[in-house]
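What follows is a set of structures for review.
Each of the next two complexes has chain A plus one other chain: chain B in the first, chain C in the second.
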Partner chain A sequence: MTFVDHYPKATRVIKAAFLVAFTALGLGGFGGLLQALHRTDTVRGIISSTQYYDVLTGHGVLLALVFTTFFIVGLYQWGISRSLDREPENMTFTWTWFWVMTVGTTLTTIAIVGGLIPGSEISAAVLYTFYPPLQAHPLFYIGAAGLVVGSWMAAADWFWSFWKWRENNADESIPLQTYMVLFTMLMWYISSLGVALEVVVLLIPWSLGLVTNIDPLLPRTLFWYFGHAVVYFWLLPAYFVWYSILPKLSGGRLFSDSLTRIVFIMFLLLSTPIGFHHQYADPGIDLGYKLWAVISTLLILLPSLMTAFTVISSMEHGARQRGGSGYFAWMGALPWNRPAFVGCALAGIMFAAGGFSGMVNASLNIDMLIHNTAWIPGHFHLTVGTASALTFMAITYWLLPQLTGRTLKYDKLALAQPYMWFIGMTLMSNALHRAGLAGIPRRVAEPMYRLVDYDPPFGTVDEMQWQVAVGGTILFISLVMFLVVVVANWSRADETAANIDDTLPAPLSGAEHSPKILDNMKLWVGVAIVLVLLAYTLPLVDMVMDGLFSPGAPPSPV
Partner chain B sequence: MSDDVSAPSDATDEDIVQDDIVKELSHEEFDPYGTLAVTGMYFLLLLVLYALMYFVEFASRPSIIG
Partner chain C sequence: MHIHRFEKLWIGLSLFLIACFIGIVMFGFTVLDLKVPGGDPSGKTVDPMNLTETPFADPGVRKVEDGRAEYEVYMVARKFLFQPSTGGALELPADTRVTFHLTSPDVIHGLEVVGTNINSMAIPGQVATFTTIFPETGTYGLICHEYCGAAHHSMQGQIKVVPKDEFDESTLVDADA
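Let's look at the complex of A and B:
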């Protein structure tokens, strides 16, 4: 008996969410391959330099928004159902949020793909950040709003399950997996309000032609109010895996339940008020607000470093139980021959490297060295592109048997896949970081290699281009390997295999040692709102005092 | 299952990691000095990389103070 036998209704919606997620992963990943080959001058002719921006928008939106969000709702539905021991309360409501998200995604995808069809009136080459005055077809914004609203409904569904559970468990601590889900979604409610306001109040009326001009700064600010917190919306589900499942995959137990809760509280408090660190180079925002963002951003390193401690010590516990010893030799005792473990562990190692480049981004002065350069995609391919994406792929190898009742087939291919990802990302990301230090810009289809004499501090431009092209190709091969394993393992077994292990061991220091105040959601949401008001009230008032749409710029392309 | 903690599986699983455990370590018996070593190395690496940033910004290039 495994998850699918206990919760067949939840299983169906989880598999549906994963199906959309993996479709987006395949399409968006192919876009990434095209970009890597085009931008480095390796293969030209598949797309034009104009179409590059449509492909780049598709790559960003399908991977960073669609793949992540759909995988997360699937993963979190699994976590809620198993940790509360409940099917969803009302399947009509559950399928409603799934379809609101899916229809929204479809509309947005149509708008993006329209740009690649000659003669089409529809296009959305506005990149993942959709900064105005770049303008997309209204379908792009309406679809994106649907995706966000659907995710809000999913969160409401999980709170509903929690409250029903609470009726019969008044004095118990919130189960740890449910705790992580609910705190992620509380953070998501607070932060995604910014992008919802941006899209619904400003961009949809503007794209429909109800107003002509747009103030570029206000929507940008609302985007980044959401735009850094969304990073934690991607990462916290990876932390959910690292805290609650990875210790078991390592052969050990979670080090501390209370540390886990504290980390999730800190992300609820600090994820949103730090958005201005994406706008260090923006004019029209007072330096004081930016300095406040520097302080808060450096503070948010703390829960990530606490995570490093808790996750590594939980893995060490596993290694020592498996006979490991020494200061470093214990790592050799970890199960490096099991795909789910390997993917999560390699994702964690990559995330540590991304931690360094993130500290550079966070620092107002040295950020200026790398602002808007290739360093930035180098950084976020380590965070969302590996810490989250590789963790999601790896844990699929562990979850899928629970959803199908079938032991994992093609396990050798599954084992090779995370190693391939690690190699590909090492090549691509190190080269992008160094290219950024040389001043090579991000986003552009033509980085002007021949017209500008870049002066790389390490290596040569040719060598970096080679590494990006080869790395991007290896990443795409790894992605195809993942999809092959998923397709081979997708169907439900006639009879559930006996050896599917879905159990999770208790933490070394459990919920009985966690102070009750950690479970006080009202308190922590209140503090989070106060911190948001402190960071954003004055700058937003500054921006709207002269009217929502002024000073206005005309849309582009005209 | 009203908690995250599941009872050990009733399955006879040859593939689960728990079968590789050679000794159970309780909270009191576990001293994570390996974690200290690994995180300490990471801290040193961060310091080295930060120092490197100085050379990237200033070394062999004219600075604003000449």
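Let's look at the complex of A and C:
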């Protein structure tokens, strides 16, 4: 008996969400391969330099928004059903949010792919940040709104389950996995309000032609109000895996329940008020707001550094249970032959490197050297592109047997996959970081400008191009390996195998040691809202005072 | 609540690291007087559809005496060129304070002078103002680093920095004209 036997209804919606997620992963990943080969001048002719931006839009939207969001709702539905021991309260509602998200995603994808079809009236080469006055087809914005609204309904579904659970468990501490889900989604409600306002109030009326001109700074600011918190929306589910499952995969137990809760509270409080660190180079935003963003952004290092401690100490505990010893030699006792463990552990290592480059991005003075250069994709392919994506792929190897009732087939292929990802990403990401230091820009089909000489501090431009092309190719091969394993393991077994490993041990220091105040959601949401108001009220009032759509610039369809 | 003593030590060290980072950045923006776009008191907006009423109608270098700089550059970033600097290098004197004013009439662009820390967004409706010094002579590449449309990858220019005594003032835009 495993998850699928206990919660067959939840299993169906989880598998449906994973199906959309992995389809987006395959399509978006193929876009990434095309870009790596085109941009580095390795293989030309598959796409033109103009189509590069359509492909780049697809890559960003399908991976950063669609793959992540659909995987997260599947993973979190699993966590909610499992930790509250409940099926969803009403399957009609549950399928409704799934279809709202899926129809929205389909509309947005049609708008993007339309740009690649000659003679098509529909296009959306606006990239994943869709800064106006660049204008996409209205379907792009309407679909994006559907994806976000559907995710809000999913969160409401989980709160519904929680309140039902609470009726019979008035005095109990919130189960840890449910706690992590609910705090992620509280953060998501607060932050995605920004992009919802941007899209619904400003961009949809504008793309339909109801208003002609748009003030570019206001939607850009609303986007970044959402745009940094969204990275924690990608990351916290990976933390959910690292806190609640990885200790077990290492052979041990979570170090501390209360510290886990505190980390999630910090992310709820600090994720949203720091969006201005994406606008350090913007005119129209006062230095004071930028310095406030420096302080709060650097403070959000704390929960991640605490996570590093907890995850590593939980792994060390596991390794010692398995017979490891010494100051460092215990690492050799970890299960480096188990794909789910290997993927999570390698993702954690790469996340540490991504964290260091993030400290550079956060520091206003040195950010000026790398803002909008290839350093930035170098950074976030380590964070969302590995810490989140590789963790999601790895934990799929552990979750799928619980959803199908069969033990994992092709486990050798599954084991090789995270190692391949690690090698490919090491090549691509180190080269992108160094290219950024040389001033080579991001988001560009042909960075080799005629009038510009790049003078890299380390290595040569040719060598970096080579590493990006080879690294990108290895990453795509790794992704195909993952999809092969998923397809081979997708169908439901006739009879559930007896040896499916789905238990999670209790933490070393459990919920009985956690103060009640950590479970007080009203308090923490209140503080989070105050922090958002402090950071955003004055600059937004400034921008809105002269009119929502003024100073207005005309639309520029792409 | 129980917190392991190693974890307390780790949290303490983490906070110390964060305090150092914050301190270094604040030191830069107070004692060293670093500048970024938007930090200037100007905070001006313009009508992007009507730049003819502004100094951006006549982009180029002007002489100023405002105590902050000796010259100022009005630069327009538009699809897919910089005025001035595309189709003829923008010439500037070395070792001299120069203030840039940058805007865009169409979409969001970016300005990066490769090999320097000059980095700014050009946002329609907003004027990015920043002051800089080029200590070294030579030719600098200038690129648009924000995606601005189908030919974004062709948007580039050059700045030629000459010794101060060789700077030719006859190329200046006459502010009174």
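The rule is short, and it goes like this: the second predicted complex is superposed on the first by the 553 of 558 C-alpha atoms of A that agree within 3 Å, B and C clash if a C-alpha of one lies under 4 Å from a C-alpha of the other, contacts with A are read in each partner's own complex, and residues count from 1 in each chain.
Following the convention adopted for this analysis, a residue touches a chain if its C-beta (ideal position, glycine included) is under 8 Å from a C-beta of that chain, and two chains touch if they have at least 3 such contacts.
Note that the structure is predicted; figures quoted are calculated from it, not measured.
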First (chain B), second (chain C), both or neither touched by A:414: neither
Contacts of A:24 with chain B and chain C, given as first, second, both or neither: neither
Touching partner for A:215 - first (chain B), second (chain C), both, neither: second
Partner chain in contact with A:403 - chain B first, chain C second, else both or neither: neither
Partner chain in contact with A:350 - chain B first, chain C second, else both or neither: neither
Chain B versus chain C as contact partner of A:319, first or second or both or neither: first
Chain B versus chain C as contact partner of A:290, first or second or both or neither: second
First (chain B), second (chain C), both or neither touched by A:280: second
First (chain B), second (chain C), both or neither touched by A:393: neither
Residues of chain A at both interfaces, chain B in one complex, chain C in the other: 255, 305, 309, 313, 359, 369, 509
Chain B contact footprint on chain A (complex, rising order): 82-85, 165, 169, 172, 175-177, 244, 248-252, 255, 305, 308-309, 312-313, 316-324, 326-328, 330-331, 335, 338, 341, 352, 355-356, 359-360, 366, 369, 407, 437, 457, 498-506, 508-511
Residues of chain B touching chain A in the complex: 1-9, 11-18, 20-27, 30, 32-35, 37-39, 42, 45-46, 49-50, 53, 55-57
Touch list for chain A against partner chain C, complex: 49-50, 53, 125, 127, 131, 133-134, 213, 215-217, 220, 255-256, 258-259, 279-287, 290-291, 294-295, 298-299, 301-302, 305-306, 309-310, 313, 359, 362-365, 368-369, 371-373, 438-439, 441-447, 449-455, 509, 513-515, 546, 550-554, 556, 558
Partner chain A, residues of chain C touching it in the complex: 1-4, 6-7, 10-11, 14-15, 17-18, 21-22, 24-26, 28-29, 34, 36-39, 43, 45-49, 79, 102, 105-108, 110, 112, 114-115, 117-121, 123-129, 141-154, 156-158
